[in-house]
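Consider the two complexes below, in which chain A is the common component and chain B and chain C are the respective partners.
What follows is the complex of A and B.
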C-alpha cells in the first residue's frame, strides 16, 4: 500500500488539477483494504469507517496490514479488472438514464463540450424531439464543437455567447452540464462560466443536472479557493499582438470555476441519480477515510 | 458507590483538569461508578447507571452530560449483548471504557488537524463565547504559521467571550471583543464563522450558547461559511423542530430548575441552530455535511 501511495503522490504532484488520478489511486487502496479484510476473516458488514459505534465496541486500535496472504495479489488484480470494466461502461450507463430526464419539446441548455452530456443528449434524441442551446464557453469556444456534434444527430441546436446566458434562461426548461471534478461537499469544479450558468438557473428556478461518472468524485473539500485554479496563457483573452495594452494591464485566463452545492439539483452518475447532500455517502462507499490525504 | 461520591468524583474531575469536556468527566465518573458497583445482573447495573446519570444531570444539566451519559448506557447495552457471563462482561466493559476514554482524549487534536487547513492566511474569524475545541483549532492554525485575527462576541450573561479573548491573547492572536448585538454589523468584515457546540442533534443542527442562532442567520444572509467543531460524543438523540422543542432541562441551569420557579421569566442559556444554516461540521469522525450526522447516529443507535 505504501508503494501505491508514493506512486500516487508523484502522479498527483505532476498534474494537480487532474483529480481523477488521485481518485483512482484511492479506489485501488480501498480495494486492497477490502480484499485484505475478506481474507483476514472479517465479516462483510464490519465497517471500516470511523463511527460512534466503532468507538464504543472496538477492542483496540486500528489493525495492521502485516499478515501475508498468498492469494491477496490475485484477488486484488481481479478486483481492479472489474473496476476497469466498470470504468469503460460509465458513459453508456449515464446515457441510458437520459430518457427519464428529457421530455419532448423541451429546451435544454448546456455549456462547453462534455462527452458525457453529448452521449446523454444523443441517446435521448433517438426517441424524443427537443432543442438544445449551447453556451460557447469563451475563450476556447468548445461549445462550437459540441453544437456541431449534436446537430449531426439531427438535434436542433443554437449557439450563443456566455454573456447571453441570463437573457435566454427564462426560456430554458433544464440545464444539463458536465464537470471536471465533484468535491466532497457536493460542489463542482467545472469549466469557467459554469458558475454564471448555475446562478442564472437558480434565479429562474430551473433544475441544474450534472452528468458525471463516479470516478470524478474527489474526497477533497474546497478549503483554498485559489488552489484549484489552473490558469493558462492569456493569449486567448488578449492576443500578444496587442503589445501596448498588455504592458499596462494584467490579463488572466482561468480555466475552472467553483460551483457551490446549493445551486445543483441532481447528479446523474453511472450508479443512478443522487442529490448533492448524499455525496458524502457515496464517498464513504468508494474511499477509505485514511486515504483522503494521499 | 453513593451518589455523593459520584458527584464528588465528577466535580473533582472538572476542578483538576479545567480543559476536560464535561461529557468526558461524566463518563469517567460513571466508569468509576461501574467499577465499584456490586450488582450481579446487567439489568440491575443499567438501572443503577440510569440513576447515576440522573444525579449527574441534577448537578450539571447541560446537553453534553446528557449525551455522554446516553453514550455510556449504549456502550453498556452493546457490550452486554456480546457476553452473557456477567463478570466477564464487566471486565470487558471496564477495559473498553478505558480505551474509549483514551480515544476520546485524542479527538480534539484530530479535529484541529482536520479544521485548520480551512483557515486561510489573513482570514478574519468570528467566534462565539468560550469553546475549548475552537481554541485548540486556532492553536493548531497558529502552529502551522498562519496569520489571522479573531472577533469574539462578549456572550452575556456570563461574559464567556472575555475568557476566550484572554486565552487567545496568550497565543498571540489579535482579538477584538464585540457586543452580542454587534454581530450583524461585523459580519461583512469577517471571512468565516467558527463555533463549538454543546450538542449536535439528529437533524445536523446544533445546540450551543445563546446567540449562536443569530450569528448563523446573519452569516447565511451575508453568504459567509458557518463552521461547527464538535467531538463525536456530543451527538445526541434529539430532533427539535424549533426552539420550543428543546427540552427545558437543557435550557436552564440545574439550580434554576431545582427552585421550581416560573421558567417563562428566566433567560435560556442555549439555543438551537438549524442545519440549513450550517456549512460543515468538523468532528473526530471526519468532516461532515449536516445531512451526514443522522447517518452517524443511526449507525450507533440502531
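What follows is the complex of A and C.
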C-alpha cells in the first residue's frame, strides 16, 4: 500500500487538476484494504460502516497489514479488473438513464464539450425530439465540436456565444452539463463559465443536472476559493499580435470554475441519480477515510 | 411658374434648384473639383470613420436634389402629423404631373386659411396656448394605435409585402435574409455582412444622397459601432443632407424635407436596424422640421435646422457625457477595482476623466466576449491613458469578481419599465455581480430613454451575421459547414435586456436615479416638449 501511495503522490503532484488519477489510486487502496480484510477473516459489514457507535466502543481498529497472504495479490488484481470493466461502462450507464429525464419538445442548454453529456443526449434523441443550445466556451470554443457532433445525430442544435447565456435562459427547460471534478460537499469544479450558467439557471429556476461518473468524485473539500485554479497561456485570450499593450496589462485565462452545491439540482452518475447533499455519503462507499490524504 | 405665389405663404421664391451652386463635376468628376465630399465623420473618441472612397461624393448634387416628381407625394399628407421614425408608407399614388402639385398647393392654402381662423377663435376663447399647428397634446393619454415596427414582423408575410412595396416606391433596395434562423428568433432579420445593400443598387444613386449611402455601408459593415457614434454620424449626415437640399417649386420646405428624409431612413434601416438613440434623434428632427414657421426663407430655415441639430448634439450627447462623467466621479473611490464590459464611449470617457483628475487611484478590469471582442478597443484606450488594466473573457467573471468593488456598464437604451437594453452579456454580468454583492452602475444619457417596454431579450432584438461565430482553431473551423447541416444553427445576438432588479443605480445627465424612475424622466421630457 505504501508503494501505491507513493506512486499516487507522484502522479497527482504532476498534474493536480486531474483529480481522477488520485481518485483511482484511492479506490485501489480501498480495494486492497477490503481484500486484505476478507482474507484476514473479518466480516464485511463491520468494516464497511463506521458508525459513531463503533468508533466509540471499539476504540479504533488498528490494522497492521503485516500478515502475508499469498492469494492477496491475485484477489487484488481481479478486483482491479472488475473496476476497469465498471469504468468502461460508466458512460453507457449514464446514457441509459437519459429517457427518464428528457421529455419531448424540450430546450436543453449545455456548455463546452462533455462526452458524457453527448452520449446522454444522443441516447435520448433516439426516442425523443428536443432542441439543444450549446454555449461555446470561449476561448477554446469546445462547444463548437459538441454542436457538430450533436447535429450529426439530427438533434436541432444552436451554437451561441457565452455572453448570451442569461439572455436565452428564460426559454430553456433544463441545463445539463458535465464536469471535471465533483468535490466532497457536492460542489463542482467545471469548465470556466459554468458558474455563470448555474447562476442564470437558478435565477430562472431551471433545473441544473450534472452528468458525471463516480470516478470523478474526489474526497477533497474546497479549502479556499482559489486553491484549485489552473491557468493556461493568456495567448488564447489576447493574442500576441496585440503586442504593444501586452506588456502593460494583466491577462487571465482560468480554465476552471467553482460551482457551489446550492446551485445544483441533480447528479446523474453510473449508480443513479443523487442530490448534492448526498454526495458525501457516496464517498464512504468508494474511499477509505484514511486515504483521503494521499 | 404658375402664379400660385399666394399659396406659398412665405416659401422660397422659385429659383432653379442648383443645390449649393458649387461647380460639381458629373459622375466620374475630376479629383480636383471641390467635391465637398462628406466630411470625415469623427466618432466621439476621435476614431476616424472613413469608409468608402470619396468617389461616391463626386456626384452632381443637382441630380439628387431635383427629384420632385419621383418624390413620393405620399409624404405630404397635409393633415397628419409626422409619424414615428420608421413609419411605413401610407399608400398614396406618386405624383403624376404638375397639375396635381398645383391642386395640392391650392388645397393646402385653403387648409392654412381654415387653420388660421381656428387659431383666432381659440385665442379669442383664451384657451391654453396650443402650438401653431396642433399636434397631439402631451397631456392626454396616448390613445393612438401603436404600430408594431416592421423589423420584428419578419415572419408575417403581409407585413413583409407591405414593406417591399414601400421600399419599391421609395426606390430603396430590399435586403435579403441570410442563413437558417433559430426558431425563437424567426421574427427578426438576419443579414450577412458579405452582401451589403449597395450591391443591389446602382451607384451613384439618384434617390439616396451619397453621404447616406456611405453611412449605410459603414453601419452594415460594422465600421461605426456604438449607439452614440451611430447617432452622431447620423445627425452629421442629416446636416449635410439639409445643406444640399433645396425646395422644389410648389412645395413647402417643411413637408417636402420630411418626405425626402423617408427613403434615406428606410435605406439606413435596411442596412442595419435603427438603434433607439437614432430613432429618438430622427423623431426630434422630424418634429423640428415640421414645426418650422412658414415665414422663413429657405436658407434661413436650413440654417435654423442645422443650429437645432448642433444644439441637440451638444446638449444631449456632449454635455450629457460631461455631466455623467462628473456624477460618476463621485462614485469612484480610491483603490477601487472597477469592472467594465465591452466598449461604451460613455464609460470610457468617465474612466479617462476620473484618471486625469488626480487623487483617485483605481484599476480597471475589462471583460470581453466573442464574437465582437469590443473590449480590446476599451483596453487600448484605457492603456493609452495609463490606467492599470486587466483583461479577461466573460466566462472568467466568477474568477475576477471577488476582487471587484463596483461594476460600470453602458447602455444602448433604457426602457420604460426600467429594464436596461445593452450589449449581449450585460445582463449576465449584472446577475453574477449581484450574486457576489457587487454594486452595478449603469451610465446612460436621457436621450436614449425609450417609450417601449420589454421583459425578455427575444421579442425585439437584432441578429448579427451568424458567420462571425466561426473561428479557426488549430487550423480548422469546426462550424465551417454549418449552412449545409440542417440541424445546426448559429445564433449571434446583439442586445439583451437586464431586468431592473439587477441594476443598482442609473447615472444620467439629470442625476442619479434608480432604474424604476425611468418613466418619470420620460414624462418630464414629454411635458417639456
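Keep this in mind: the second predicted complex is superposed on the first by the 286 of 294 C-alpha atoms of A that agree within 3 Å, B and C clash if a C-alpha of one lies under 4 Å from a C-alpha of the other, contacts with A are read in each partner's own complex, and residues count from 1 in each chain.
Going forward, a contact is a pair of C-beta atoms (placed from the backbone, for glycine too) under 8 Å apart; a residue touches a chain by one contact, two chains touch by 3 or more.
Computed from a prediction, not measured in an experiment: that's the story for all the values here.
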{"item": "Partner chain in contact with A:4 - chain B first, chain C second, else both or neither", "value": "neither"}
{"item": "Contacts of A:148 with chain B and chain C, given as first, second, both or neither", "value": "second"}
{"item": "First (chain B), second (chain C), both or neither touched by A:286", "value": "neither"}
{"item": "Touching partner for A:24 - first (chain B), second (chain C), both, neither", "value": "neither"}
{"item": "If touched residues of chain A are counted for chain B and for chain C, the larger one", "value": "C"}
{"item": "Partner chain(s) touched by A:254 [first = chain B, second = chain C, both, neither]", "value": "second"}
{"item": "Chain B versus chain C as contact partner of A:221, first or second or both or neither", "value": "first"}
{"item": "First (chain B), second (chain C), both or neither touched by A:72", "value": "neither"}
{"item": "On chain A, the residue positions that both chain B and chain C contact, one per complex", "value": "none"}
{"item": "Chain A-facing residues of chain B, complex", "value": "71, 74-75, 78-79, 95-96, 99-100, 103-104, 117-118, 120, 232-233, 235, 279-280, 284-289, 291-292, 295-297, 299-300"}
{"item": "Chain C partner contacts - residues on chain A that touch it in the complex", "value": "131, 133, 136-141, 144-145, 147-148, 150-152, 154-168, 170-171, 192-193, 195-196, 199-200, 203, 225, 229, 237-238, 242, 245, 248-254, 257-258"}
{"item": "Residue ranges of chain A touching chain B (in the complex, touch as defined)", "value": "47, 49-53, 55-60, 184-186, 221, 223-224, 277-281, 289"}
{"item": "For the chain C and chain A complex, residues of the former touching the latter", "value": "182-184, 368-371, 376, 379-380, 383, 388-400, 402, 423-425, 427-428, 431-432, 435, 456-458, 469, 471, 473, 478-479, 482, 485, 487-493, 496-497"}
